[in-house]
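Single-structure report; data block below.
Per-chain numbering from 1; labels A, B, C and D assigned in written order.
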Amino acid sequence: MEYAVGIDVGSTQTKAVALDTARAIVARVLIDSGANVVRAGKRAMDEIQNAGIAREDIRFVVGTGYGRYKIEAGDTQVTEISCHARGAHMLFPGTRTVIDMGGQDTKAIKISAEGDVIDFCMNDKCAAGTGRFLTGAAEVLGLTLDEIGEISLRGTKPVRLTSVCTVFVESDILSHLAQNKGVEDILAGVHEAIATRTIGLVRRVGMDPEITFTGGVARNIGMVRALEAKLHVTLNASPEAQYCGALGAALYAMDHVMAEKHPSAGVSAELPVWVDE
Amino acid sequence: MTTTAAPARDYRGRVHTLSRDIMTDWMAQLKEATRTPTPSAYLMISGNCVEILRCFDILPVFPEINALQLAIRKNSLPYILKSEEIGYASDNCAYVKADVGFTLCGGVGENGTIPKPSLIVCNFVGCNVYIKWFEHCASMMNVPMVMLDIPFLREEKPSKEDIKYVMCQLHELIGACEKLTGKKFDIDRLREILGYSARAERGWARAKELCKNRPAPFDAYFDSINMMGPINALRGTKEAAEFFDAAAADYEQMVEDGVGVLEEERFRTVVEGPPPYPYYRNFRNLFERWGAVAVQSTYSTVGGLWEFGFFHDPERPLESIAEQMLVHNLCNRSIVDRYKQIRRYIEDWNADALIIHSIKSCRLFSAGQGDMREYFTRELNVPTLMVESDLEDPRYYAEAQMKNRIDAFFESLQYKRLRAGNETGKPATV
Amino acid sequence: MQKILQECRELLDLLPGGALARAIEKHPGIGGFAVFPIYAPVEVIHAAGLLPVGLFGAGNKIELSFAEVRFQSFICSIAKSTLELFLRGEMKGFQGAVFSSICDVARNLSSVVKRNAPDMYIEYLHLPQNMYSAQSAPYARAEFERFRTNLSNHLDRPITDEAIKRSLQLYNRVRGLIRAIYARRKEQPSVLSAADLNALVYAGTRMMPEDFLPMLETVCEQVEAAEVHERDGVRVVIEGAFCELPPVGLLEVIEAGGCLVQDDDTMIGWRLFADDISADGDPLAALSNAYLRDSAYTSVRHDRDRPRTEGLLQRMKEAGAEAVLFASAKFCEPALLDYVLFRQKLEEAGVPHLKIEFEEKMWTFESARTEVETFAESMLFE
Amino acid sequence: MAYVAGIDLGAGATKTVIIDDEAVVRGRGMARTRADFEAVAGRSLDAACEEAGIELDEIDYVASTGLGRYSLASRDIQITDLTCGARGAHALFPESQFVLDMGAQCTRAIALRDGGKVKTFRTNEKCAAGSGGFLERICRYLEVQLDQIGDLSLEAKNPQPISSVCAVLAESEIINHVSEGKTVADIICGAHESLAARALSQLRMVGFSGAVVFIGGVALQQGMVVACRNQFSGEIQVPEHPAHVVAYGAAILGLQRFEKRAWACISRP
C-alpha cells in the first residue's frame, strides 16, 4: 500500500493527515504543538504510524504551517494558504472562497473550480482581529475558547469595542464589565468586531459562494454565526475544518506520489521543492 | 525532484562597481566639506533642481540618501530611537527619524560625515513630510530655508499660473544662491549642466527599456538602486552622464548575449513602493528563489519619470526644470496616475504580476494602495500581492510572515501555469 | 440657549446626508458640497447656492467595512471613515467635495474618492505653502478662481463676484461671533463646556450661515451675560486636533479630569481668520490674501515668518493658559511631527504639557482619563 | 489606632496595602482581577486585613487607584496609579528621581519632583508590546510558570531579540523563534532584554539619568531586573514588594487626606 502524509505544524496545534492512493483519508492526528516544533512534527509522524500506517509505505510527506521547515520527515513544504485552499476544495468541492482564522493571522482565499488559489489576502501588518484576540478575551473573562462561542450567541445587545487589538482586549473588556455589561453581550461584541474585521479581508478577494470556514476557530459556533450574519450566507464549516491544512498538504504529497508512479505526467518536477534551509 | 530557481546570488556587474565608485567619490566630497568650508545645501530627491545648485558649485546634500544608507547598513534603529526619545511618534516617517537622530548624534557637521548645510532648499514636490523634515533641520541646525512650493499635478497638465509660480520661485532660489556664493548666475553654465542631465536621463531610460527583453538584463527594482543614486543625486555631472552610457552599453550587451540577471527568469513582476532597506538582501532573496525578476518599478521614478520621453532641455533651461518638478516625477502625480503608470508597465514590459510593498513610513506611497490592489485584481485581473513593512525601521519587517505570503503567491502563479499546460485536470491526477 | 445647544447636539449625531436633508427642508432646491479639513473657501460654495458641509469623517457613527479594504491599518481614522461614506452611498445628494494639500493621506484620499465617485465633482486645492514669493498672491487667487470655474461648470450656472461678496459678509459675521464666544470663554471657561462649544461650532459646518447666525447671536448674548461660578482646574490650550475631531467623550474626560479648556484648534479651518475679510473689491483676491496673511497658524501651513512654535506660545498668552494639551489624532503625521518642535519650545519656556492620542471612533477613555488626572494632580497640588 | 487601606485595581491583579496612622505597613493582599471589581477588591482587602490582624470595620479610610478606581463604591477617594506609584516609590526611596512601573497592561516612566510628586511621565504607546501581560502570554505559550522565567532567563546563552513593537506580532516572532528551535531560556531572555530596552527609551523620554526605582508586578522577575541592570547606566532599586508600591502610595496619600479630615472633626466645637 502507498500513502501520502500532510503535516500542518501550527502555532498552537499540529495536525496530520494520511491519504491512500484513492485520496481517501486513512489516518488523522491532532496534537498540541508545544514549544518544540521539531518534536511536534516527530510526534505527529509517530501518531500516524500508531494509526497503523507503516513508515516505509509513506512515500511522500508535505509540511505546512509556520513550523513547516522544521518537520524532519517533510520531503517538501507548501504554504498553508495553498494547503487550506486545496483541503477546503476537497471537503466542499463547491468552495470558491476560504476563510481561515488562525492564531497568527487570518486569511481570505479565492479559489478556482479546481481548487487552485486565484487570489488571497491576509491581515496586514497590524495583526489585530486574528484568532489570538478571542483567546485574550476568553482569558480575561476566565472562560475557555470552547465556551465563548456558545455564550456569545445569547448576547442581545453586542457591546462596541475600541479595537480588535489583543493588547487592549483586557482593559477594553474590563471597562465594559465595570459598566455592568453582561458577559453574553461582551462576547457577542467581541465576535461581531472580529467578524467585521474579517469581512474587510474577505471583500478584498470577493465573496463568491460557497464560502468555507477553516482552521481551529471554525469550531467556534459564535464566530460562524457572526460571520454568516455579516455575509448573509451559510458557511461551510465542519469538524474536519481544523484538519484542512494538513489535508491539503497530504493532497500535494499525493501529487508527488502519483507523479513518481507516472513520470509521463511530468508535473512533480514543477512542484516547488526547497532544499532544506 | 529538482529545486526551483537558482539559489540567490549577488549580481556583481560593472554597473554595480561603477555606481559604487562615483557614489563613494560624492560621499568623500561630503566628508571633505565637513572640514573645509564649502557652500552646501540640503535638497530632497523627488523632483529636485540639483542643476541650479551645481550651477553655483553648491554641494548638494540629500537627507533621504543619508537615511537610506543608515538603513541598508543596518544602522538606522539607534537613530530612530534617539528621535523617538525627543518626541517623534512611532507612527512618524522613519526616514525623518533616522536622519534627525543621526544629526542629533553629531553625524552632521564638523566631526560627522555630512556637512552642516549653508542653505536648506525645501523642494516641496508632493511629499508634505518634506516640509516638516526640513523645518526641523532648519530649526535644529539654525540654517536658513528656502521654500519651493511646487503645485501638485491636479489636472491633466499644470496651469500657466502653476508654471509662473514655480518659475518665479526658481528665480528667487537663484537669487538666494547668488547671495550665498557671491557668484553671478550663468545661464550657459546651466545649459551645459542640463546637457549632462539629459544624457544621463536618456541612458537611464534606455536601460529601463531593455528590461522589456526576456530575460531582463537587470532587476528594475533591486538593481535600480544602483542607478537611482547617480540619476537623482549626481545628475548634471559628467561622471553621471558617462556612468549611464556605460550602464546602457553593458545591458545592451547582456541582452545581445541573452543573459539575464537571474539564471532562470520564471516570473516577471512590476514592483510598487520602496524596498525594506534594513532587509534588502533578505527581501530580494524571497523573490529570487522563485525566479522572479522585477522588469519595472515605481520607486525608481520618485526622482524623475524618464522612460516616457521627457528629458531636461538645455534650450529651455529653467522651463524644463520647472516642468520636471511639476509633472515628470512620481511624487507630484496622484496615486491614480500611478495606476496608469503601473498598468503601462505591466502591458509594455510584459509582466505576470504586480507586487505592492506597502510602507508604513511613507504615506505618500502607501495611503490607498488597497484601492490600487482592487483596481488591478478586480478591473484588470492582474495577480497582485500586497505585503507590508517599512523602508527604514527594522522593527516592521517580519520575515516569517513575509516569506509565507510571497511563497503562497508564487505557488498560486505556478499552479495557474501548470493548469494552462495541462487540461486533464489536477497535475498528476491520472 | 439649551434648546439651541440641543439642536446642535442632534446635528452632531447626523451623517452629512442627514444634515443636508435638514437644510433642504428649509431651503428647497439647494444642493450640498462637502469640505474636507481643514480649509476651503466656503463662500464660493455658498455663493453657488450650495450648503458647504464639513466632512469630518463619521466619528463612531458607522462601522468601517469597505474603506478598510482601501486604506491600511496605519492610516488615520478620518480618511477611512470619509471614504466609507462615499463607498456606502451616504454622500448621495452632494454635488461633490473639495480636499486640500494638508497631508499626503488627504491628497491620496481625494484621488481615491474621485475614482470611486465618478459622477461627483471632486476637487483638490493646492493651497500655497510659500507665503512670500512674488507670485504667491496671484497663484492663490488663480487656485480659488480655478475652483470657482470648475464648480460653476459642473453646476452649469455662474457664480458671480456679487454672490461671493454676500456670502463673505455672512461668513464674516459667523466667524466674528465664534471669535467673540471663544474670547468670552477665555475669561470664564465655565460659561460653556468644551463639549457644548464643540457642538455649536460643528453645527456651523452643517447649516446655512443665514440660519446659523441667529443661533450664534443668542448663544453669544447669553454667554456674555452669564454669571457662573468658575471652578478650579488647570487652564489648558488644546493643540493638534485641527483635522480629525476628538470624540466628545474625550473633551468631557479632559474637563472632568481637572482641566479648563481655554482655547483649542478643533475645526480651525472654519474660523481661520483673525479679522473680517474685506467684502469690497475682488472677493477671490480678498480670500486669497486672507489665507496668505491673516490665517491662524496650523500644522498644515508653512509660514516662514510666523513659526508655529511662536504661534502656540502667543495663543497660550492670549488665553491665559498655564499648560498645553496635545490631543492629536492617531496616525496624524502633521500633528505628530509638529509635536517635536512644540515640545522643545515649551520645555525651554518651562510650560507643562501632556500628549494624548485619540481616534474619532474611540469610546473608552480610561488611559486618557488616567493621564489627564495625573497631569492635573501633578499641577494642582504644588 | 487608625488604619488606611490603599487598593490598586490593576488590569492583572488587585493589590491592597493597609497602613496605620504612623504610615507603617500592617498588611498586604492580592487577588487576580476579574469581572467583578468590588468582589475582587474585597478578596484582596480581606487578605490584607488578615495579615494585619484587624477587622474590615477597623479600616478608617480607603483610597482606590488603578484602572478600576472608580468602580469601588466603598472608596473615600480615588487617585491615579501614576500619582500613587510616584508617592509610594518616594516613600521607600526618598532620594529617587525616577520611577519605572511595569504592570500587566502598561509600562510607565515617571520623573519625580520634590516630595514624590509627578513631574512628567510617559506611558507606553498603543500597540506596544511593553507590558507584563505580554510576558505572561509568552510564558503560557512556552509552557513555563511565570515565577520560573525570571531565573530561566538567566540561563540564556544566545538571547533572541524581539524587534516588533506590536504585542501580537512580537508573539508571532516568539513563535517563529520556537519554530526555529531556539531554547526557551534564550527566547525569554531576549524578551526581557527587548522590554528593558523599550523601558529605557521610555525613561529617556522623561529625561532619565542616574538611579531608578523599579516597581510593578514585572519587577518580581529576576531576569527582567538583570536585563535592566545590564542596560541602564545607573542603579536599579527594587523594593521588597514591588507589586504593592502603587497601593502603598495610595494608602499614604489616603492617610494625608484622612488626617486633614480627622483634624477638621476635632476642631469642631
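Keep this in mind: a residue touches a chain if its C-beta (ideal position, glycine included) is under 8 Å from a C-beta of that chain, and two chains touch if they have at least 3 such contacts.
Since this is a predicted model, take the numbers as computed values, not measurements.
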item: Chain of greatest Cα-centre distance to subunit B; value: D
item: Most heavily contacting chain pair (counted by C-beta pairs in contact); value: B-C
item: Centre-to-centre distance between subunit D and subunit A (centres being mean Cα positions), rounded to whole Å; value: 38
item: Between subunit C and subunit B, distance of the C-alpha-averaged centres to the nearest whole Å; value: 36
item: Centre distance in Å when subunit A and subunit C are each reduced to the mean of their C-alpha atoms; value: 46
item: For subunit D, residues contacting two or more additional chains; value: 67, 126-128, 169, 172, 176, 179
item: Shared-contact residues (touching 2 or more other chains) in subunit A; value: 66, 104, 124-126, 128, 171, 175, 204
item: For subunit B, residues contacting two or more additional chains; value: 86-87, 89, 358, 360, 370, 374, 388, 396, 398, 400-401
item: Chain contact topology (line, ring, star, complete or other); value: complete
item: In the complex, subunit A residues that touch subunit D; value: 9, 11, 34-38, 66-67, 69-70, 104, 125-128, 130, 132, 136, 141-142, 165-168, 170-171, 174-175, 177-178, 183
item: Subunit D residues within the subunit C interface of the complex; value: 67, 79-83, 106, 113, 117-121, 123, 126
item: Interface residues, subunit D side, partner subunit B - complex; value: 125, 127-128, 163-165, 169, 172-173, 176, 179, 201, 204-205
item: Residue ranges of subunit D touching subunit A (in the complex, touch as defined); value: 11, 33-37, 67-68, 70-71, 104-105, 126-129, 131, 133-134, 137, 141-143, 166-169, 171-172, 175-176, 178-181, 184
item: Residue numbers on subunit C that touch subunit B, as the complex places them; value: 68-72, 74-75, 79, 101-105, 107-112, 114-116, 124, 126, 128-130, 133-136, 138-139, 142-143, 146, 300, 302, 304, 307, 309, 330-331, 333-334, 336-341, 343-344, 357
